[in-house]
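Two complexes, one shared chain (chain A), two partners (chain B, chain C).
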Partner chain A sequence: MGYPHAPHDKETVVLSRYFGDAEARTYDGWTKRGGYQALEQALGTDPQVVTDAVKASGLRGRGGAGFPAGVKWDFMPKQKSKPHYLCCNADESEPGTFKDREIMRWTPHALIEGCAITAHAIRAETVYVYIRGEFTEPIRIMQAALDEAYKRGVLGKNAMGTGVPIDVYIHRGAGAYICGEETALMNSIEGRRGNPRIRPPFPAAVGVFGMPTTINNVETLTSVLHIITHGAEWYKGLSLSNPKSTGTKLMSVCGHVARPGNYEITMGFPMQDLIYEMCGGMRQGRALKAVIPGGSSVPLLNREEAEGCVLDYEGVVAAGSMLGSGGMIVFDDSADLVYQMMRIAKFYAHESCAQCTQCREGTAWTVRILQKILAGQGEMQDIDLLLDLGEQMTGKTICVLSDSCAAPVGSAIKKFPLEFEAYIKGARRPVAALA
Partner chain B sequence: MVDQELVTCTIDGVEVSVPKGTTILEAAKQAGVLVPHYCYHPGLPVAGVCRMCLVEVEGVPKLQIGCATNVVDGQAILVNESRQAKEARKGVLEFLLINHPLDCPICDQAGECELQNYVFQEGRSRTRYTPTFAKRFNPVEDFGGDILYVPNRCILCTRCVRFMEHAVEEPILNVSERGDRAFIGVHPDHGLDHPWSGNVVDLCPVGSLLSKDFLHKARAWELDHTPSVCTGCSQGCNVNLDTRAQAVVRVRPRPNLDVNRYFICDHGRMTYRDMNRGDRLEAPLLRDAGELTAVDWDHALARAAQIVKGSTGKAVILATPFASNEALYLARRVLERFQVTAAFRADRVDGEHPLAGVPGLAVRGERAPNVAGATLLGYRDAFGDALGAIEGAALVLILGDSLDGVNRAQLEQAGNVIYLGTTLPEAARAARVVVPATNVAEEDGTFVNRDRRVQRYLQAKPGPGMARPAWWILGELAVELGLGDPLGSADEAFDELVEATHAFRGLSYRQLGVRGAVLPEGAGAGVTA
Partner chain C sequence: MHETTAQEPVFTGERRERLVTILQRYPTKRAALLPALWMVQEAHGWISDGAMAEVAQVLDLTPAYVKGVVTFYTMYHQHPVGKYFIQVCTTTPCNICGAEKVAEAFLQATGCAELGATSPDGRFTVIEVECLGACGFATPVLINDDFIDGVTPEGVRELLARYP
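Moving on to the complex of A and B:
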């Protein structure tokens, strides 16, 4: 449920139950709502039992990649010879995504609890919550909750009085999108430039400060406590389609819908219902044109694909895109997709860390070509060039930032070629590119 | 050698076996396949950023970077035979060029530029970058020390950044800004004035970091490269002397993992200036009636032999630790009848400047290349004593010493003085015979570095006028004295030295190669003769 909207009948409200409920932000309010029981329970069990439960639940990473969380935890060394770290990725910078922000704003203790449970599961004593620097309000609320959690003995050298040491630190980002990439995030925590690292070694072997590390998204970690509370079977049952996609997902819907906001759906929920029922459909007199379903980094879907799309990891892939972070950007028929793609590409060109050649040069070149097309100076061969650049930018770099630039642009060209041709052939009035 | 587990793979169809943990790029070198690369450098940590070394590994869907991917047993790796990999590299080259000024005609790197080379090798013939698009522009920046940064040519491989961070351990360079606005930034309060920072110029695969000293001096294709050994200190770094028109214009490191890895210091880079001195001795001189007169070699050698034959008793050799082992040995050989006081002196400065990230590598305080060799050959670091012994010596042989602080009168009193050197200092005019010798760039020879490694240096340019290598001069003198057959080469001189000197036993030029060889453990110093 997306504050300030009331929950929709078709929502499955788990993570977002207390959105808009200011009392849930406090320790007392949170415990009154059953908070920290899951943590107490988890700390009383063997870490492997917790990991196995999460594995059995089928929870997959909510940050974008959709990697099974329990499997990721299992990569951590079983015999601890070095300190282990958990990083909570709260650097939610993906354009169109704003679910983690709401989790942190309304239920900070849920995140702290999820972090603590996970830390126990992976035998980590230190948790870094890496929060996007622009999130001033969520940082304030998280910090207040954290202070309270320490004061109440939830965290510290003797978490919940069980003798398990769990320390949680908030690390504030400085405004780089790339720091949401897990290895760049680790570099940033270490005080280095936020550049993604080459893998292998993987973070579970050599992570933050060279120690075994697990990085999970805010939504993933918050989901963990519900798996502990209600059991893996219950969570696994939350699936309307493919059994490999389980649980609930917060969908951040923005763009040309009547009621944008966060909506919590069960995996496998039809996109059509999300757009037309929960979000109240398109704006008055407008029709759906395209949807980018998983934050700006994924291919866009045209109307037919979107309306037939089932919202789970496999369903969105089948429709030709990816579920990603669940940040849905909806375009109606007034949208100029050439301009929108230029805007998206410009974002990536600005945020490229400058390490890999294809990304550093390719993203900026893509922007220039799109601006040239928008200015009415494009040629038909520019379209082929864009597609070829996209090819060069995909699957050849350290991280997926350049892939993320190429995916929406390439899909827009393939699915809406006439929009590009209209500019090139002079059928559409040139627009001044955003400087 | 320690037993290492080997893995066998094929690279472009060539089978190689390499130790487990070897990267594809290094394994390919052994298969004779060069995987194009920019950011990778064997002396630096792997960055994996240029994406130029993408290769296809059979059975792996995505292309892999050769610099950071280890070879797996049984793998088939395709470098030049993979269409996919070649397309990817072609793409990288096109991307690298869109912001590159293509000012090769005025770029010092042209001719030895990896960007140029790979673009010619496998790049596109034409760019698809619209000519009206602006290229990134940043003004040329003085990085301090000897270094200029031309950001427009930079491909952001970060070799310089990693060198300063991991080898020098003074991270004063970084990548500033993001995206295609990125450039190499320098610390606001520090320039590149570290004694080892000149290496960033060699490391730069393009013409972005330039030496001010070498700026616009020569085109790369006009240069000859001759393996040599640095004379800057007793470390004995392996170098190449780059020559053009019979002048050394640049000294660059020559990789030797046992001595200097891939680096040399800035002090060593400047040693070439001495090699090009204009005030050189060009002809043998004899003193007749108080005047030095130019003569030919036959006369000079005959006179020298006459002086040696006519003397007996004590002799003094004032040698330079810049002299080759061959010359130092032969000097003692021609004076073997005498009771010899042999000494040298070396410039010494306080403190060493280590390259922090490479243990055992430093600019040494001892600023001469062959102190160890001279010591092994029976020369003592007691110049003052030797100078004192001139009085009462029947013969004084000056082997390259600068004679700084020695006055002419002192030598004139000594009487029988033979001077062998590259220049003619005032005091040397007291000699009865003056013979012109070549310097390190003009002869073949060997030095022994501080770690007892015997290393060869090769002739890079002709000597001036009639100047000859000291080993040749002393060898001819030995012939005149009836002490042996003429020496045809430094090689033969070295063989003779090895035969006569216990410390060098078993060595030969062939064995030294261009990497040198360490003297056998426990070999005593001094000549056995």
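Moving on to the complex of A and C:
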């Protein structure tokens, strides 16, 4: 099941320290490892002090957008006139990303602790942990940990005996990638179709049930507890590159590497070392062709770009893509990028909520045009058509699902045009199943 | 379309109590819709029009509204499925590691005519699913609630032997 894998020497093991250690899943095991001390400390501190510490740490959202977590919390009303909510985004569905699953499977109490600290900071009394429906095992483990946390007085009307009420509930999704988009997630909690909402209003003003709400990713919330434990200065110090990217990041590496898995790096770590040292390089006899570095929604990097890429928010942008969720899909020279772009487009076409025309039609037509090319029936103008379509799909819709389909496809066409031309010009045998 | 045969009501006894507990977590009744639909599927294996009407009634919604939500989420079955519902991830990360061959092996071993179809003995339904979120451990498969990763075409028959 992937763990335990012994951490590599170059990993900075903070979030993943107890991955593979089944005892850490229990309340007793967690407290034996210092668990719930950060929560106790936070609950005895003014919420603003907790928020300021997270702001000072430089922690940025680990779900993909990279927005500074403390700044997001600061958008919440300071004077509480109605209920506040925290939503934990555990809808991890971005192809290439499988880090939140491991956090929940191995250290459920770390997530609960991070949720409770954050709830205190934003003055929320209710936390919904929105876990994707397919994550049956993480849901079971999280529920068992929550039951224990209630029994031991960590949560409830009198959390940790401090008189602060904090309730944490699991809300199970039912199969919809789009519910990882924060406004769709809130609609799904409310018992609605998971359509993203138009912003403004922003969730901190009008969120779930119309109340002030903060939504954070699992990895973000789990990082919070380490900031409280070790201090903002310590966290800020975890950076090999620049002060805008701090802390550790769980990189999910999958595809054609010898040892796929989750690797925890310090921000600013070279992608080259991650691929060739930690992951053991490419499979036997194969060479690196391309990497999609931040989950399938971001532009692809070719070999040179990938090998020179610094893994932090700015570094991946400089290389021509985005750090996103940190889900790296690695392709070797055996990969058919035309076929795989079709599969990526198919994913987005399947997951489009269909409320915006550019997305509903655009994702479906991207699949059809790519299938036509793969079937050996493409024309050179189809390439321009795909690029033009991609432009129409970018920056024009309520959320970025549409953009997320256009980005990888457009980058593959621009960086690997010969692969597309080979199908069109008959130099490559059509895919039989599509012909 | 499947005829809606008369099914036992879902929200009685223990399940009714569970629903009452769930309702306490939310400020609105509507918010209990996804959990309620999960309870229906757990009881009947799928969600019939009749069950949607029952959910609508207990949560003060309209049957049309409930259907609108059911049809949005892919994990809710609107038709009966096999005793074991098998979801094989074939999205890009697993795809480049050979996931389509795993899906093919499931079709052959179960006797399902095609993806989405149920085997003649009613035991299995096999579908391709978009990204199960275990990309580093290709190929992940969900059999009902059992999450199994690292499945290979060669391992399929042995795996299925655990699902009589």
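Here is the rule we go by: the second predicted complex is superposed on the first by the 428 of 435 C-alpha atoms of A that agree within 3 Å, B and C clash if a C-alpha of one lies under 4 Å from a C-alpha of the other, contacts with A are read in each partner's own complex, and residues count from 1 in each chain.
Methods note: contacts are C-beta pairs under 8 Å (C-beta built on N, C-alpha and C of every residue); 3 or more make two chains touch, one makes a residue touch a chain.
This one's a predicted model, so the numbers in the text were calculated from it and none came from an experiment.
Visitor: Among the partners chain B and chain C, which is in contact with a greater number of residues of chain A?
Guide: Result: the larger residue contact count on chain A belongs to C.
Visitor: I'd like to know which partner A:Lys157 touches here: chain B for first, chain C for second, both or neither.
Guide: Neither chain B nor chain C is touched by A:Lys157.
Visitor: I'd like to know which partner A:Arg360 touches here: chain B for first, chain C for second, both or neither.
Guide: first
Visitor: Tell me the contact category for A:Gly395 with respect to chain B and chain C: first, second, both or neither.
Guide: A:Gly395 sits against chain B, while chain C stays out of touch.
Visitor: Identify the partner contact of A:Leu385: answer first if only chain B is touched, second if only chain C is, both if each is, neither if none is.
Guide: First partner only.
Visitor: First (chain B), second (chain C), both or neither: which does A:Ser93 touch?
Guide: In the superposition, A:Ser93 touches chain C alone.
Visitor: Taking the superposition as given, does A:Arg368 touch the first partner, chain B, the second, chain C, both, or neither?
Guide: Once the two structures are laid over each other on A, A:Arg368 reaches chain B alone.
Visitor: Thinking of the overlay built on chain A, is A:His350 touched by chain B (first), by chain C (second), by both, or by neither?
Guide: Both partners, chain B and chain C.
Visitor: Mind working out whether A:Arg193 is in touch with chain B, chain C, both or neither, as first, second, both or neither?
Guide: It touches chain B and chain C both.
Visitor: Look at A:Phe331 in the shared chain and tell me whether it touches chain B only, chain C only, both, or neither; answer first, second, both or neither.
Guide: second
Visitor: Report, in rising order, the residues of chain A that make contact with chain B in one complex and with chain C in the other.
Guide: Touching chain B in the first complex and chain C in the second, residues 176, 193, 350-351, 353 of chain A appear in both lists.
Visitor: In their complex, what parts of chain B are in touch with chain A?
Guide: Touching chain A: residues 46-52, 54, 62-63, 65, 68, 88, 91-92, 95-96, 98-99, 128-130, 133, 155-156, 158, 174-175, 177-182 of chain B.
Visitor: Could you list, by residue number, the parts of chain C that touch chain A in their complex?
Guide: So the residues of chain C touching chain A come out as 25-28, 30-35, 37-38, 59, 68-69, 72-76, 87, 90-93, 95-97, 129-138, 142, 145-147, 149-150.
Visitor: Could you please specify the touching residues of chain A with respect to chain B in the complex?
Guide: Residue list for chain A touching chain B: 176, 193, 198, 349-358, 360-365, 368-369, 372, 385, 391-392, 395-398.
Visitor: Considering the complex alone, what residue numbers of chain A touch chain C?
Guide: Where chain A meets chain C, its residues are 1-2, 83, 92-98, 100-101, 126, 132-137, 167, 169, 171-177, 188-194, 209, 252-256, 260-262, 296, 327, 329, 331, 335, 340, 343-344, 346-347, 350-351, 353.
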